[in-house]
Each structure stands twice: as structure tokens, then as C-alpha cells.
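Take a look at the following structure, please.
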Amino acid sequence: MVFTFDWDRTARTGTAEAVLCEGKEPSDIEAICADAAGRAMFLTRLTPEMLAALAAPLRERLDYEPLSRTAILGTPPAPSGPAAAIVAAGTADRGTALEAARTLQFSGRNHKMIIDVGVAGLWRLTARLDEIERAPVVIVVAGMEGAIFSVLAGLIAAPIIAVPTSNGYGVAEGGKAALSSALASCAPGITTVNIDNGFGAACAAIRILRARQATA
Amino acid sequence: MVFTFDWDRTARTGTAEAVLCEGKEPSDIEAICADAAGRAMFLTRLTPEMLAALAAPLRERLDYEPLSRTAILGTPPAPSGPAAAIVAAGTADRGTALEAARTLQFSGRNHKMIIDVGVAGLWRLTARLDEIERAPVVIVVAGMEGAIFSVLAGLIAAPIIAVPTSNGYGVAEGGKAALSSALASCAPGITTVNIDNGFGAACAAIRILRARQATA
Amino acid sequence: MVFTFDWDRTARTGTAEAVLCEGKEPSDIEAICADAAGRAMFLTRLTPEMLAALAAPLRERLDYEPLSRTAILGTPPAPSGPAAAIVAAGTADRGTALEAARTLQFSGRNHKMIIDVGVAGLWRLTARLDEIERAPVVIVVAGMEGAIFSVLAGLIAAPIIAVPTSNGYGVAEGGKAALSSALASCAPGITTVNIDNGFGAACAAIRILRARQATA
Amino acid sequence: MVFTFDWDRTARTGTAEAVLCEGKEPSDIEAICADAAGRAMFLTRLTPEMLAALAAPLRERLDYEPLSRTAILGTPPAPSGPAAAIVAAGTADRGTALEAARTLQFSGRNHKMIIDVGVAGLWRLTARLDEIERAPVVIVVAGMEGAIFSVLAGLIAAPIIAVPTSNGYGVAEGGKAALSSALASCAPGITTVNIDNGFGAACAAIRILRARQATA
Amino acid sequence: MVFTFDWDRTARTGTAEAVLCEGKEPSDIEAICADAAGRAMFLTRLTPEMLAALAAPLRERLDYEPLSRTAILGTPPAPSGPAAAIVAAGTADRGTALEAARTLQFSGRNHKMIIDVGVAGLWRLTARLDEIERAPVVIVVAGMEGAIFSVLAGLIAAPIIAVPTSNGYGVAEGGKAALSSALASCAPGITTVNIDNGFGAACAAIRILRARQATA
Amino acid sequence: MVFTFDWDRTARTGTAEAVLCEGKEPSDIEAICADAAGRAMFLTRLTPEMLAALAAPLRERLDYEPLSRTAILGTPPAPSGPAAAIVAAGTADRGTALEAARTLQFSGRNHKMIIDVGVAGLWRLTARLDEIERAPVVIVVAGMEGAIFSVLAGLIAAPIIAVPTSNGYGVAEGGKAALSSALASCAPGITTVNIDNGFGAACAAIRILRARQATA
Amino acid sequence: MVFTFDWDRTARTGTAEAVLCEGKEPSDIEAICADAAGRAMFLTRLTPEMLAALAAPLRERLDYEPLSRTAILGTPPAPSGPAAAIVAAGTADRGTALEAARTLQFSGRNHKMIIDVGVAGLWRLTARLDEIERAPVVIVVAGMEGAIFSVLAGLIAAPIIAVPTSNGYGVAEGGKAALSSALASCAPGITTVNIDNGFGAACAAIRILRARQATA
Amino acid sequence: MVFTFDWDRTARTGTAEAVLCEGKEPSDIEAICADAAGRAMFLTRLTPEMLAALAAPLRERLDYEPLSRTAILGTPPAPSGPAAAIVAAGTADRGTALEAARTLQFSGRNHKMIIDVGVAGLWRLTARLDEIERAPVVIVVAGMEGAIFSVLAGLIAAPIIAVPTSNGYGVAEGGKAALSSALASCAPGITTVNIDNGFGAACAAIRILRARQATA
């Protein structure tokens, strides 16, 4: 079985050469990585169990980060440019926030991480507003009811990419409540990506950062 | 057809003698009002069309408020006790907020109304926090994503009753997004009632106000 | 990674210093508990597996209750004031009922627990109505179709906080049926919290009990 | 276009020769009634607008009941046998209850109607329990949260057929909440039919009454 | 903790003294069985894992059937009366069908089981129609799209209780598709119970069988 | 505003030059028809209200069929080839069945229509099986619970295209129940199209008929 | 009743002073416009019926566009800067596309509109790719299955904001299908806004255009 | 317990003698295979765990393919006729694609497999269009947002059978997003089967191939 990997996509769309590992066999991942032939490669949704099932030579070459379940193969470019802000409402949202951070890192972008600023204690967020506001693009990660998306969008002017997470239980379980909050927000100008999709949020941020560079 | 109205409920549960007009025929409403035999009566979800269909003698005795679609028959007790706060995020939530206000009025309770304080402009809410905080119970009415429920619950200590409204479109349509926000809130201690149920929220507030009086 | 815990919340909102353990790493819980620096702390949704993964010195200091999956670190205040009633429809709802009870206990509140009074045998509930009615606030915990919420709200005047649980199968699975019953009840004045959220119900009860004390 | 009406169904299954008018053209209804050639015929979901659109000769021969939106063409058999009980929780459920009653009437069965016995005032139901209990089969009609299904099933031994109605708003809108309550009931032995399906409930009751007769 | 078991329910409603084991602790089940004090008892949704966790003296006294996950404690009455038919569309529906069969057995009722008669091979069903038609009540168990409910209801006159099962995948997963088919059937007079609820279907059948006996 | 109509599609995919009128302005439809410049054109979902709003010269040139809400502009090819079967379960499904028939007619295909053969009276379907079986492709149109899809697929070998319709109420409302039945069928080899999509079913049938011709 | 309009929001977040008219009374809109005191103002979701209900002096000062249901009060700034692209899949998506265009116009931004380029005729889209690709930000508007979001995101590098629309029927009705396609896309870097929310998409585009300017 | 296997179905409907193993016990599968008495048999959804639980003599006679979870017992006919195309959007869709391929193989049909041609890299699909277009029927397998269904249907004229898969997360989880895309496609003439139902898609393809042969 021959893979048809889309190596050209980076040039065409500016997004990372990434492999979604979920749903793939270990042998699939090994074949794709072999096909990479020295190019840097980004693996997402790689669980520790899948990592352990990979052939040792590949596994040892991977830079794996367990909370985000991401791995980097090869050497990404050194980070440059202004730092995108990644704001996470709660501790449990860190895995998704890190997936975004790792995607930016793999793509040679800087970022700053601001965690545990959920609106239940509003001062935590307002205390760091200056820091957030200076970023050219802001990724906001939150589960449960996702109220932070609206609050932040009412306070700053930068592009905001919401990442609802599946953290929570009852009606929040699976992330639908947070997703609906991002979409139905009373504060205009929020955009959103799929639940738990830190990778996609970072790709969108990179599109925005590239558009900025095109101007400068 | 003989109605079995539950005239005893006020004594038993402290909630209003109310009639949900939706789904009833004009002749049903007329029969119930006749059965009231001089008792004060509260009608909810009475549209202007239904009002117009009622027999003139009854219609003329009703104190009708069109935005809340409520009517009062007879004379409710003079208001007394501390004022419950009713906080509405947007102008479009006013109908539901007024339904709560009218229910309190019918039950002899005071209230104060605070409108247009949605979190997209956070200063509007924080500017009135002192006023809200002094109330023994706070009813919060919001549609769309309902972020105000969490923000307010993180700022004050009073009992909070959320009333999600069906205002909004797309994923907010019908009020499910706001309802999920109230239920899945990261700020502990919020309770909620059904979508657009200003009457039920006021009944819950009355239960709390009664419990307070029992103590004093 | 530095946590931004909201130690001030108790003073501000009267709710407990609680940590939702679900979605957090053992090291997160350890760091938060260390940060507590002697303050009492309440842990919710702490599974036996997560407990076992905590460092021994912390684990041994925790007062853990397995059915409610809660742990108390440090010494909560001695209970005082009138006892909130916790009514649970079935044996399987006990875990959630205990989560509410433990939250009250941690916050220095008294409670009484009434279990196995589901409406399939109505006499079980009516036999204990006097006992329930004397409480200043009633938490009602039920899964399946949650009919008890309406029955009880039609019989007593106290504030009622419904806690739908995820007990049941088929259309009841996940707690949506019981949640809808609480929200759509024909008996006015019921408020509800998220599915399985015994902690949130107790926080709401505490808000009500505080409001009572403010009066007295 | 020739219709393929199933005139044989009554003999085969004991249910009525009924026509669901919803979704049909006036000319369809006229054609089917002509095809009946003197047989008695039962029309359901016939709105006043559809009735008005029928040709006058047919319209004048119909015994139309507007609340249930049913019409009878021809002369049904005189009612005989024990009376099935139809219990309706609220006034707004009467239309569906009447659809069941008219179906029984068309099929030559007796019935008794018990209305406005919702559980918010439990005494209204218990006061009439003896009357209900004597029926060989009980149809229970309720919207909103449908708590009455469970309460009644815990109190009597007769076969119970629940008919959830679409009365209610918010999460009750459309009847899903009441339907889930019937299906997820903690009281064993309830069966249910589709939302607002008074006709189907009566057909099921007729199957049970026939099975009884087969024995006697 | 004292249980409030409803021993009186059999006399009152004619349904079995049954314990839903799902969601209960082994110690709960042991306590209830001890409380039974010699009465026969029926346990449902008792998984092999839960059975193994019970104390040996109790476990050894249980008559356990693994496919239906039911256990009988003590000696049920000898079966008498006409046999209810249990019709199962597919092999995978047998567990639920057996739950119904065991409930009938525990309650002293006869039954006959007809399996693997799904409508994909219509002749399998029509070949056994005579046998089915002679039963005073018919329980039909089916997952996937549940077409058999409508087909059978169009062919026989007996009371039909549909039991949708969670067998199937994709849109059938969880049993919603089969449940909707039972409720929305074009064949009048079908009633339904919750997904996988063989116990409830048998309880409804017993109500019908009792009503028959009352006549004779 | 210039339209970008895809006139080339017929050659490329063999499906009709059709315009979905729903959501378009009368001026849009007029502009597209003008752009057609003499080509035959098929209009779907054209309500009588929209038809009346069209400019008279265009309106008068349209061959309009109200039940299917379709219009043909210009002269379609004379029908040739074997007749596709269109089987409709109920009278109310005729509009959708006619939409399929008109699409076939516009595309120069023959069809035969078999109506009112729902499974509640199974003999109606089996009586016409020979006729159905001779067709090279069968379109089956049904609302409510859609049991006919499975029954027919178990009886014949031809390609079957299910068209669920939105006919029905309660859980059937909107067509989801019938759609799920088509998808979850226990009879292998059914394919389905969107709810009420008679046009799409006919386009799929045409693809199959073309594939047949390619062989001959 | 005094409104609390957030006039400061433009300075703070760069989004327009807009009023969502849906759910508001004519008198509300008049009061807000009076409060504007000469500032330019943007009205969204203003139906022709609501427009007609406004007082004549206000109505005559409004620049109303019926397809987008938007009105501009006062004189917006002259457009400047690079043109955002607005790509609409079908004719029926034009209303939402125009809402985005009018929002950009009100905010002094240029735009170019590309319509009728749905993927069913792929060449329509690829023919205009150069034109689209030159825009600094691309708003893509599509209903039904929304496949264009993925196709375009795989072809260009600019930031993409998807606007799912409620155009379509059956499973597409309401816009959920298109929304899910935007969120679940296999092409990384798409962000989305609420269904039919052309205004929100333009606000997000303005945030991106501002961020670009901040750089230059 | 005697099985009622439908051995006649192949002759009647042309689909395979297949057993859906999910939900069956190992002993069920063994009994059915014994009953086959030398006929070839096709087993679907046979997990490695279920395979391991089968009696060794049977297990060793099975030709098992783990990715598709299918097994063939006995010798299927040698493949003949034109090759159906199976197009899979991503690597993770291969299991379902192989289920379709194995079904065709078991039924004596040829196929060609085209993998990894998702629309995020459109050139991958267009590069292979000639190859796809030559097939008499095309099965398209895709998860996530399923955009490939529409793109391909706009490019080729052959019958298209969409198989949505459950690959994806967030709103794509479970396959509903891909299923909706297939059903709501703007490209006419797509039909679809249940999520992950490669077997059903192949059975539908066989129906089409048979219809072709009938002509030739």
C-alpha cells in the first residue's frame, strides 16, 4: 500500500506537515515517517500506547510531549517573529493549549502561555490583560461553559481563535457547551475551531501571522 | 368539563396562583378566572391574540403587560421586604425579565431591574455590582452564550438563579447554548430554570425569600 | 508552570475552595495542595485511581470518601446552623448525594440525608415529608425520569435544588431525561444544577443559607 | 391515481379504519371517503382549515370535534364493555385526550375522562385513584415533564399507556421531555406511544380490551 | 444506612420485587437481599463482574443467567396461565429477550420464545405467525432499524409491546433508531418501553395478563 | 451580479440542469432562466407563492406540477429505456415521489409509480412485488418509521434508493426516524438520500441507468 | 427604561457599533438610534417588517439593504486598505455574504465578492483562485454540506473564516451540517463563526486586518 | 436454541450470506458456521478478541483480515466482471474500505482501491480521476467532514455510494458530520449507507453490478 502524502501543502497553505495519528496503525505512522526522508514532521494525537507500539529506531528519534500527545521528528526552524498568546482557562485545558504551542514551535513561531485565568475569578484574567493584548493573535482554550471567550473578546482588539475543550461533565461533556458559547457569543469577532483542536487553532494563527508578514 | 384548580397551592408551597395560558382555549381561561371567585390570579404566556379572544368583561378587568405577556386579575398584596435583583444581559431579554418582575409584584415582593449589562462590555456589569450585591437573591436573564451567569457568580455571594432565554440564532436558537452555560459553569453555586421561564425563576426567588423570613 | 489559584473566592462568593480533579494530572493536584499552605481544601471527582497516583505524604493527609469521590485536606470548621435536607430517590444516587453532603460538611454546615424515597412507592416519600419540610433548603438527587422533583415541589415551600444524576440506561443514560424533568416541571419554583453536580448544589444551598443568616 | 386502502385491517388487527389527514390533499381525503362506500370512517389530525377545504357534501356528513381535530363519517357501533380510563394531567392536554376518547367511541368502546390531575397538586390525583383503578386499562396524557406517568404506575396495577404531549416550552417543547419520562420511569410496567398520539394509545387500549374479551 | 425497600409494590401494582443492580455497590445488593428475609427476589443488570464481587453465601444462592444478566433469589411461583410470546428479530437481541422471559418466569407466567425472525427474510416471520397470534400479549425485541415492530403490528391483533435494543452501529448505536421506529410506526396500536428494557416489557405484559384474569 | 451557472454538468455527470429555488429571489430564478438561452431547465422546490412572484412571460412558459413543486422550462427529451420503479408507502409521500418522477421525465427516462403500499398492510406490497422486481432500479419513498425500506430490500435484488420523507409527527417529525431506518436497516444493500430529496434519488437512479447503458 | 449602550467598544475592540435588531421592539431601536447622537450606527437582522414599524423620520435616514437585512445610519468612513475576499458557494448564500460586505463597508474596509462557486462544479472555484488568493483574509459562505471550506483551505494560505448558512433542507436544515463541515475539516487552519453570522465573520476579518496594519 | 438463518437470501437479493458478529456470542458464531454445512460464509465486525474466543477448529478455517475485521469461511467464487472503484479519503478510512473490498471479493467481484486522496490536497484526487471514472460504480469512504463526496460527485458520472466513517474527533466523532455531508451534498446523485458500513456499500454496489449484467 503506497501512501499519497501531501508534502507540498506547506508551500501551498503555510500549515505544518502534520500527521493525525488517531485511527492509524503503528505501521502507517512508520511508513509515513520513512517517506518523510529527512523532512521535519509533526505528529498529533499520539497516545503513549501508540508511541510504545512504534519501532524503537523511530520512537527514539521523536521529541515526544505527553500532555499534548504530540511528537516532533527532525529539527523545526528556530522560532522568530512576535509571540502569539495562548490563554487557557483551567489547568485541565493545558493539554490542548500545549498542542497549539507545540504546533507553533514546530512552525518556527514564538508563543507565550497564560494559564488558569478562568472567569470564575475575573481578576486573574484582568491582571494579565496587558500581556495578552500585545499579542498579534490570541488563542483561547476553555472547556465547561467557555465564558472566557466572550469576556476576552469584549476587552481586546486582536484576532481571537477559540478552542473549546471536552473538559467538563454532564451537559459540558464532549465540549458542545463550550463550542456553542464560542459560536453564540454576544461579543463580535470570535472565530472558533473544533473541540480540542489546538493544532487547528495554531494553523489558523499561523495563517494570520503570515498575512501580517506579507504586509510588512 | 369541570376544572380541578389547585387553589391550595399558595398556602402549601408559597408560589403564585398562576395559569399558563399557552395551549389553553380562551374558554378555558375564562372558566378558570370565573372559578377564582374574587381571588387574585396571575396569567402567563398570554399573547395579545389570546387576550383579544377573551370575553370583554374579563379582558377589561385584566392588568395586561404585553412585553412579558402577563396579566394580573384582581389586586395583589402591596410589595414588602427587600428587593430581589433582576439582571438582564440584553434588551431582547427584557420580556423574560419582566415576567419575573411581574411574578414578584403579584406575590407582594419588591424588585429592582438592571438591564443591558452583557459581558461584551464588562464595565457595564462591574459598574453596577454594588447595587446587585445588596440583593438577597439575584435573577440573571441572558440568551446567546450566557457568559454573564459565570461572571456574576464569580463576583457575588448571593443566591443566583439563571434564566436562559431563547434569544439568538444559529446554535443559540432556542436557548440551549445559554442553558448549557448556566449548567456547566465553572463558577460554583449557580442554579437554573427552564429557557424563558421568568415565572419559575421568580417562584424560586420567593421560596428563598420566604426561607429568609422564616428565620428572622 | 505556576498555578493561579483563586484563594480569595470563599470570601467573595461564600463557596468552597474546591479543586475539580477530573482532567488534572496527579502533579497538578499535588502542586495545588502544596500551594494551599495549610488552608483547608476540598477535592472533587477524585477517583480511587487518581488517589493512588498521588504522592504518599499528601495521600495520607487526605480524608477520602470513595462513594462521593471527594477528599478533604485539613480541618473544616465545626458544623453549625440548621440542617439542609438531602433527598435521594434511589440507592444509586447516593454517590452524588454524598458529594453534596461532604461539601456542606467541608463548609461547616449541617445536613440530614433521606434516601430511597423514589416516587414508584409514593408512601416512602410522604412518610418523611415532615422531616424534609423543616429544612431551610432541600437538595433533591434523582436519576432516571426524575419525577420526584415535581412531586416534592408540589408538596413543600422550601427552596428546592434538583440534582439530576446519570443513573439509568436507554434514553435516561447520561442524565438528560432527569435534567429535562427538573427544568420542564409543572411544579413552579424548582431550580437545577448540572448532571451529577452534588458539589454545585451544595454551593447553591450555602448561598441560600448565607442569605438567611444575613437577615437574622 | 388509485388508492390502495387497507379495508381489511380492522378484521385483521382490531384497530380502526382511520385516515391520518396531515400531509394529504383535500382531494385525497374526498377520494378515500368516497371509496369507503358506506363503511364508517375515522379521520385524525383534520385541522379546521382542511375541513373547510373539503367539498360541502362530505363536510356536512362529518361529525367533527375541533379540539381533538377528529371527524367521524357514518355511524360507529354503540359503545359496550368496561370503560377505559383517560387521565390528563393538564387542561392543555385535553386535545390529545379527546383524540383517544373519540377513537374509543368510534370503535364502540366506553371511556371515562379524568382531567387536571397533574402531580404539582398531588391530592387531585390521589382523590380520584379509586375511580382510575377500576378501569381495565388506563391511558395517561401529559406534557411538560410527565411526572404523572411514574406516580400513577406506582399506585395502580392496571395496564398503563402513556401519551406524552408537546405541551410546554424550552426543553419541554415538542414533547421529548415527557416522552423520556415515560420511557425512563422508575416505576415498572409503563408503555408509551408517540408524542401527541392519542389515536395510537386508544388503538393499543383496544388491543388490550379485545385480549380481555377473548378470555371471558 | 437503612434501605427503604418497597416490599408492598407487588400487591399494589402486580410487578415484580426487582432490584436494578446497575449503579449499586455489592454491599447495597447484599443488604437488600438480607432485608428480603426469605421473600423471592429478582435482580436485573447484574454483570458477571458484580456477581463475582458479591459475598459467596449470597452468590451461591442466586440462580444466575448470564446472557440476560439476571438472577433469581429464592423460589418463584410455578408458571401458570397462557404463554406470552417473546419475538426477537436477531440473535443479538436474545439477551434482552431473555430478560423479559426471566421476569415472566419469576412472576409465575408462561412464555414462548421465537428468535431470528427479522424482516430481512420475511418468510421467517410469516412462517411463525400462527404461533405468535395465539398469544394473549406479544413482546417484540429488535435493534437496528426495528422494522419488525410495524410489520408484526399490521398482521396480528394482540397487544404488542416493542423493546428496542441497542444492537447496531452508526446511527443505530444506542437504540434510538429502533425506538423511533416503534414510536413512529405507521401500524397503529404499538406501545414501547425504554431501550434494552426487557424487564419493563415483561412487567407491562403482566399488567395486561392480570387485567385479563380479572375478567375471567 | 453575474451568475456562474454550471451548464457543463450534464455532460460531465449525467445529472439534470436543475435549479433549487428555495432560498433564491424571484429575480435570481428569472436571471438563471434567461441565461439558459433555450436549453431545457428543471426547477425544484418552487412553491406556488414563488411561482406567482415570477414575471408573467417566464411563468407562462413553465410546465408546473404543484404537488411536487417542480417546473420544466422547455422541452425535455422523449422518454426511453426501461422504467425505473417509484414506490411510495403512503399518500402523503406522493409529493416527493412525484419530484423523483418529474426528474426522470425531464431526463428522458421512463418510470412507473406504485403508491399506498405501506407495510401496515403487507399484502398491498407483496401483491405488486412482481411489478417492482422487473425494474432496473427502485426508488422507495416513505416517512414515519420507514419500515418498508427493509422489507422491500429483503425481497428484491434490484438497486434500492431510499427517500425518507418528513411526513409524520412527534419523533418522526422532520424525517429523522425514516432516515435512520434506511441507514440502520438489517437488510443489506439499501442506499439513501437526504430527507424529501426525490430529485437526488432520481439523479442517483439516472447514474445507475447510464452505467447499465454503458454496458449494453 | 435607560439603555446602557457600549459606545466605547469600537475603540476597545475595533468592531462596529452594531445593533442586533432581532428580539428588540421598534421603540428599542428608535431609542438606541436617538442615543447615538450623530454617531454612525449599523443595524443587523432588520426585517422589512421591522423597518416598516420604525418611526418615519428614523426610517428615512436609514440606508437599508433588504437581502442582507442591514441598515446604516449616518456616514461610514470611506473604504481604504486591501480588499477582503467574500466567497459564496451559492446564490442563496448571498444574503449572508452581503451582511459581511455591508459590515466591512460600514467599517471603512474594501471587499470583493465572488459568488456561485460551489464545489459541485469545481472549475468555477479554481477559475477564480488567483483572485481569491490575493486577499489578506477570505470569508467563505456556504450552506448545505459546506464542502467548499475544505477545498479552499487546501488551496490557499490566507486566513479563512467560514460562515455556515442555514440554506438547505433535511439534515442540512438550520446549518448544522455546514457548521460541522467547517469544524471537522481535514484541511487545517479554518476558523468558523455561528450559522448565518456574516456580521461576526466581518468583525473577525477586521480584527485580522487591524493586526496587519499594526505591523506595517 | 435453533437459529433461523436465511440461506435463501443470496438467490433472492444477490447479497452475501453474511453474519454481523457484533453482539453475538462465540457459541452463536460457531453454531451458524456449523449450520452453513459447507457453504461459503462471510463474517463482519469480528474483532481479534472474538476471533480468539472461537473454537480452534473453526478459527483455523477462517481467512481473517484484521484491519477490516472480516473473515471468510470456505472458498468464494473467482472474481469476474469490471472492477468497482473504492476511494478512501485518508489512511484511517482503510479499515472500512477493506470491509467493502472483502465483501466484493467474497461475492466474486473485482475492485480497485484508491487511498489517501482527501480534498485537503486536491491534486491527489484529480490525478487519479481517469482511473476512478472508468469504474461502473464508485464507493467513496471518508470520515471527518466528508467533503470528498461532493467534489467527486461533481466530477464523474458513475453511481456513487458514500460511506461516512467514524474517524475524527469533536463534532466529527461518531461519523455524523461526514454522514450529513453525504446527505446534504450540493452535488446531485450521491447515495449513502450507514456510518462505517463498508459491507452495506459493497452490497449496494453488487446490486448495481447485477443490474448491469441483466442488461448485457
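Letters are used for the chains, namely A, B, C, D, E, F, G and H, taken in the order the chains are written, and counting of residues starts over at 1 for each.
Here is the rule we go by: contacts are C-beta pairs under 8 Å (C-beta built on N, C-alpha and C of every residue); 3 or more make two chains touch, one makes a residue touch a chain.
If you're wondering where the values come from, they're calculated on a predicted model, not measured in any experiment.
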For subunit G, the least number of touch steps when starting out from subunit A | 1
Chains shared as neighbours by subunit D and subunit F?
-> E
Comparing residue numbers, which of D-F, A-B or A-G shares more than half of the contact pairs of F-G?
-> D-F
Between subunit C and subunit E, what is the separation of their C-alpha centroids in Å?
-> 35
Centre-to-centre distance between subunit F and subunit C (centres being mean Cα positions), rounded to whole Å = 55
Give, as an integer number of Å, the spacing between the C-alpha centres of subunit E and subunit D.
-> 26
Would you mind listing the residues of subunit H that make contact with two or more other chains?
-> 9, 90, 120-121, 153-155, 170-172, 179, 183-184, 187-188, 194-195, 197
Which pairs of chains touch, using the document's own definition | A-B, A-C, A-G, A-H, B-C, B-D, B-G, C-D, C-E, D-E, D-F, E-F, E-H, F-G, F-H, G-H
Quick one: in the complex, what on subunit G touches subunit H?
-> 89-90, 118-122, 144-147, 149-151, 153-155, 168, 170-172, 176-188
Which part of subunit E faces subunit H closely enough to touch in the complex?
-> 67, 90-92, 94, 115-117, 120-121, 123-124, 143, 167, 169-173
Going by the contact rule at the top, pick out the subunit F residues touching subunit H in the complex.
-> 9, 12-16, 18, 136-137, 153-161, 179, 183-184, 187-195, 197, 199-201, 203-204, 206-208, 210-216
So, in the complex, the side of subunit B touching subunit D is made of residues 1, 3-6, 8-9, 20, 22-25, 28, 32, 45, 166, 174-175, 179, 194-197
